[in-house]
Amino acid sequence: MFWIGFLIISALNIEAFDTPNDDGSSITITWPADTNLPVMEIMRSLDPGRGFEKIGDVALRDSLFQDAAAARGKDYFYRLRWTDPEGEKFSNVAGPVRARIQLLNFFRLRNIGLLIAILFAVIIFYIRHARSGKKVTIRRIPGLTAVDDAIGRATEMGKPVLFVPGIMDIDEPQTIAAMSILARVAEKTAEYGTTLFVPTCHAMAMTMAQQVVKESAIRAGRPDWYNIDNIRYLTDDQFGYVSAVDGIMLRDRPATNFYLGSFYAESLILAETGHSTGAIQIAGTAMSDQLPFFVAACDYTLLGEELYAASAYLSQEPVQLGSLKGQDLGKFLFIAIIIFGVITRLLGWNFFYNLFSVQQ
Amino acid sequence: MFIQTIGIWIGAFLTLAIFSFLYRDNPVYKVAENLFVGVSAGYWAVVLWFDFAWPNLFAPLFQGRIYYIIPILIGILMFAPLFPKISWLVRIPLTFTMGVAMAVAITQYIQGDIIPQLQGTFLPLRGVPFFTAFSNLLIILGVIFTLIYFYFSKEHKGALGVGAKIGVWFMMVSFGASFGYTIMARVSLLIGRVYYLLHDWLRVVR
Amino acid sequence: MKRTIPLVIVFTCGFFMLTAFFIPVRFVQDMSQMLQNWYVGVAAFFVFIGIINLIKINLEKIQRKLRDWQYSFILLGFLFFMMFAGFVLRGHTAGPVFQYMFNYFYTPCSATMFSLLAFFVASASFRAFRAKTPEATLLLIAAVIVMIGRIPVGYSIWHGFPSLVEWIMTVPNTAANRGIIFGINLGLISMALRVLLGIERSYMGGGD
Amino acid sequence: MKILDKLAVLDRRIIYLLVGLAVIIPMLIPLGLPVDITRPVQNVYDKIESLTEGSIVLMSTDYDPGSEAELYPATEAIIEHCFRRNLKIYMMGLWPAGSALGERALDTLARVHGKRYGSDYVNVGYRPGGAVMLLSLGRNFRDVIRVDYTGRPIDSLELGRQVRSARDITLVMTLSAGDPGVIHWVQYFHARFGTPICAATTAIMAPRQYPYMNSGQLVGLLGGLKGAAEYETLVKRRGRGLTGMDSQSIVHVLLVLFIILGNVILINQKRKKSAPGAG
């Protein structure tokens, strides 16, 4: 009897240890994965002499169990129990082991915190750099150099300009970016005295747009030009909004349409209606699903991040310029990481690859 | 059963009413559109109350967790703009949501996207069939060149310009692909509606 | 005060959530979980605002007899009936009336609204999708290959089509998407950072 | 070139009409074009074939009527396959509007296959909370699910009692139209609990799932209506997917012609402009 038990013990060897990077509320028990292991019960005890109590079942093919009910700071012993035709079987006894509290998740700190820290540092550094008045240059963005001509054209034709700031509310970064482009567009249109329509899909977006346009009008020295009725909230409903904007295009025939912000299915409808009215169309969004339609149907398109870059480029505002510069360094870092990672794999080293596993 | 039949007829009517917009904007469409806006607004009001506001704020409050009055008050401040004098108070819910959302976003983007995607780009070029290695190399270069296109600090001249150009090509191909898929999706929706009319309503298609 | 209070809130909430991510201590985790629930709950109020605006706008429309004001009655009527069905007649998942409205009013409308896009895509393909630039040309070529390769006709024309499409999807498509994801995420992260530090305030709307 | 000039100013309603016909006619007079089976779809089929009788498949209806046309056929095809193989279906949903659709599919097919609610399949309906909810769900279903779709206590149902944690689920099948959806099942449920994930997504989302498929985080994928049609071919069940495929083909051909024609017109106009004397 005893020697059978002995055989089994040597057959299944379990380990128990304090679960790393948790709040000391659990102990992890592991054993070599083995496909022909039966369903097992996990037993726990504070004193092996006094016997074990069942604390859970282990499903087939599992090789790990987390005892989340372990009290912090107590010494526990574990073993597995199962039955097969020959009767009751046990694994070895693992322990004593006690659950300890960790104040920090070092795993996360290492592979996520580190990257966050680097990115933050870089971005903040360049923001301060730019604020301290140092010159930060940005490459010209094709879609933007077209903005002034487009507005000029509308002026010559004596037609209005339409600016659609996306269909999301102001908690959407793209909408924010759109607004700072709107500021520049409004300033120009105010200068030329061209009508500017800004229909919005959300009440709060409308209030913000009104503020922006008003301020630009003042900056352009044409406060009289500002007409609050041209910046309207239409409806929160996606298609209701689009058909209303279509209505504006067909009625007022704007010569230049801007679609900047975050767009969904409506991008296509807007671009097509605009194209059919013969307007010059400048689009920009970070919604990769919608970019194809804009590229195919508009004259200029800001691709993804270019939208954010554009708002920095136009406003020449140090904060935006600085953070853009910071992001560029981020990209540079990524490229370096990728190249390094590929090389290490070529050389057959896996440490770097494994460094990037999100799951423990 | 009879009530179902009526429902199908209503559905068919609304479907055709909305399609009538294709001919030109008309009263029938406007009826359907306004009906839709009304129904969906009502629908979301109910769903948001029962599935978001109630379980997350009010249920705990009534279970005796008094401090849940705080988020409820924050939420109510959302109505501040209706009263010009205190309208600025709306910034409290705004900043609260922004603070939480943005912080969660940062960790989420890095843990869920950037790090796994970086790792996914360390593709093997050795010990795999030639064509796989070739494709892997293309992926690696594609990612790098696309990133170069989004590099704003320098004018795209010389080598940088070439890289950016190639990046654009990669993007255009992928845009073309999703373009095709999107069109397929839209057409499927239309097929769905026609099927509804021919199968559920007119019963001419099995 | 109209500025500082909000900025304090955004800073504290933000950085608490950020650090909580690295601190496994149960109390901290529960706190951050609670804040997230609060967020979900508070965010729900946004929509109630939207609905109130909707009601306000349509009431005005009716009062001032603006264009198409008659339709506002329909909108409001169904809005209130739907809420009545949901709140008064109770049980939003299983409530028979609410379900009925959902199945035979909401479903066909939303599905049809989206299916209109098929027609718009068609006319756009004919009238708007032009190979004006080399980029657009490349895009359209890829699009046509995928469109043909994904349908039975394409398979009948050339059995290699589907696998060609698969390759386009798994290689150039994956590569470009990754690059774009990196770029966008970097943008959003720096935006988030600026918001938390109170450098970016535009989302609060203008005014002091 | 006269025709081209006429076409250039073609009334869009004519285009709409052509599209409409291209959809309706093939539906009335099916062509029955052969449907090719792509790898991702085959993977889903093989996965379900490989499951032992009586094992539990978690189906999540993460879509709403807006994409019902694309995902409902897939829903039916998958349920059909599961019921045929005597697998049990535990249905839930991450989108509020999805449960009603899933319920309809379950009802109709359960009647066909004589399956009993509670023992062969359950529907616990919509579960709010997205990713966060998925984590607590995998740890312990009881934390999240106490009653079923109709408000019946989950423990009063045999299958409800059976499913205690992610361990009791052999496969997750998400029918996903956006957020929350397949991404969350992959990044949270699969990452944490290792349960294999299959997905049916809208065609729009399909391209973005390929990275996950390559890395094996996603077992297989039904992309849009075409995916459903392929699956119907595999399970030999002529549903809406196959019925729609002919229309799908014809419309696509039509659209491709439109794009080509449109650009021919463009070139033509360009030549006109550059031609000396011409306007």
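Each chain carries a letter (A, B, C and D) given by its place in the written order, and its residues are counted from 1.
Methods note: a contact is a pair of C-beta atoms (placed from the backbone, for glycine too) under 8 Å apart; a residue touches a chain by one contact, two chains touch by 3 or more.
Note that the structure is predicted; figures quoted are calculated from it, not measured.
Think of the whole protein's Cα atoms as having one middle point; the chain whose own Cα middle lies nearest to it is B.
Looking at A-C and B-C, the interface holding more C-beta pairs in contact is that of B-C.
For subunit D, the chain whose average C-alpha position is most distant is A. Note: centroid distance subunit A to subunit C, computed from Cα atoms, is 14 Å. Separation between the centroids of subunit B and subunit C, computed from CA atoms only, is 4 Å. Remark: subunit A and subunit B have CA centroids separated by 13 Å (rounded to whole angstrom).
Taking each chain's centre as the average of its CA atoms, subunit A and subunit D sit 25 Å apart. Contact with two or more other chains is made by residues 21-22, 33, 36-37, 40-41, 43, 47, 51-52, 94, 97-98, 101, 106-107, 110, 112, 114, 116-117, 120-121, 140, 143-144, 147, 149-150, 171-172, 174-179, 181-184, 187, 189-190, 192-193 of subunit B. Shared interface positions of subunit D, defined as residues touching 2 or more other chains, are 12, 16, 19-20, 23, 66-69, 96-97, 126, 128, 204, 206-207, 211, 214, 226, 248, 251-252, 255. For subunit A, the set of residues that touch two or more other chains comprises 108, 112, 116, 171, 203, 207, 235-236, 239, 276, 288-289, 292-293, 295-296, 303-305, 324, 331, 334, 358. Within the complex formed with subunit A, the subunit C residues making contact are 18, 21-26, 29, 46, 49-50, 53-54, 57, 113-114, 116-117, 120-121, 123-124, 127-130, 132, 135-136, 139-140, 143, 177, 180, 182-184, 186-191, 193-194, 197, 199-200, 202-203, 205-207.
Those residues of subunit B that touch subunit D in the complex are listed here as 22-23, 43, 47, 51-52, 55, 112, 116-117, 120, 174, 177-178, 181-185, 187-195, 198-199, 204-205. Residue ranges on subunit B touching subunit A, taken from their complex, read 21, 25, 33, 36-37, 40-41, 81, 94, 97-98, 101, 106-107, 110-112, 114-116, 118-119, 121-126, 140, 143-144, 147-156, 171-172, 175-176, 178-179, 182. Of all residues in subunit A, those touching subunit C in their complex are 21-23, 25, 101-105, 108-109, 112-113, 116, 119-120, 123-124, 127, 169-171, 173, 176, 179-180, 202-204, 207-208, 211-212, 215, 233, 235-236, 239, 265, 268-269, 271-272, 275-276, 286, 288, 292-293, 295-297, 299, 303-305, 308, 319, 323-324, 326-327, 330-331, 334.
Within the complex, the subunit D residues that touch subunit C are 10, 12, 15-16, 18-20, 23, 33-36, 38-39, 64-69, 96-97, 99-100, 125-126, 128-129, 132, 149-151, 206-208, 210-211, 214, 226, 245-246, 248-249, 251-256, 258-263, 266.
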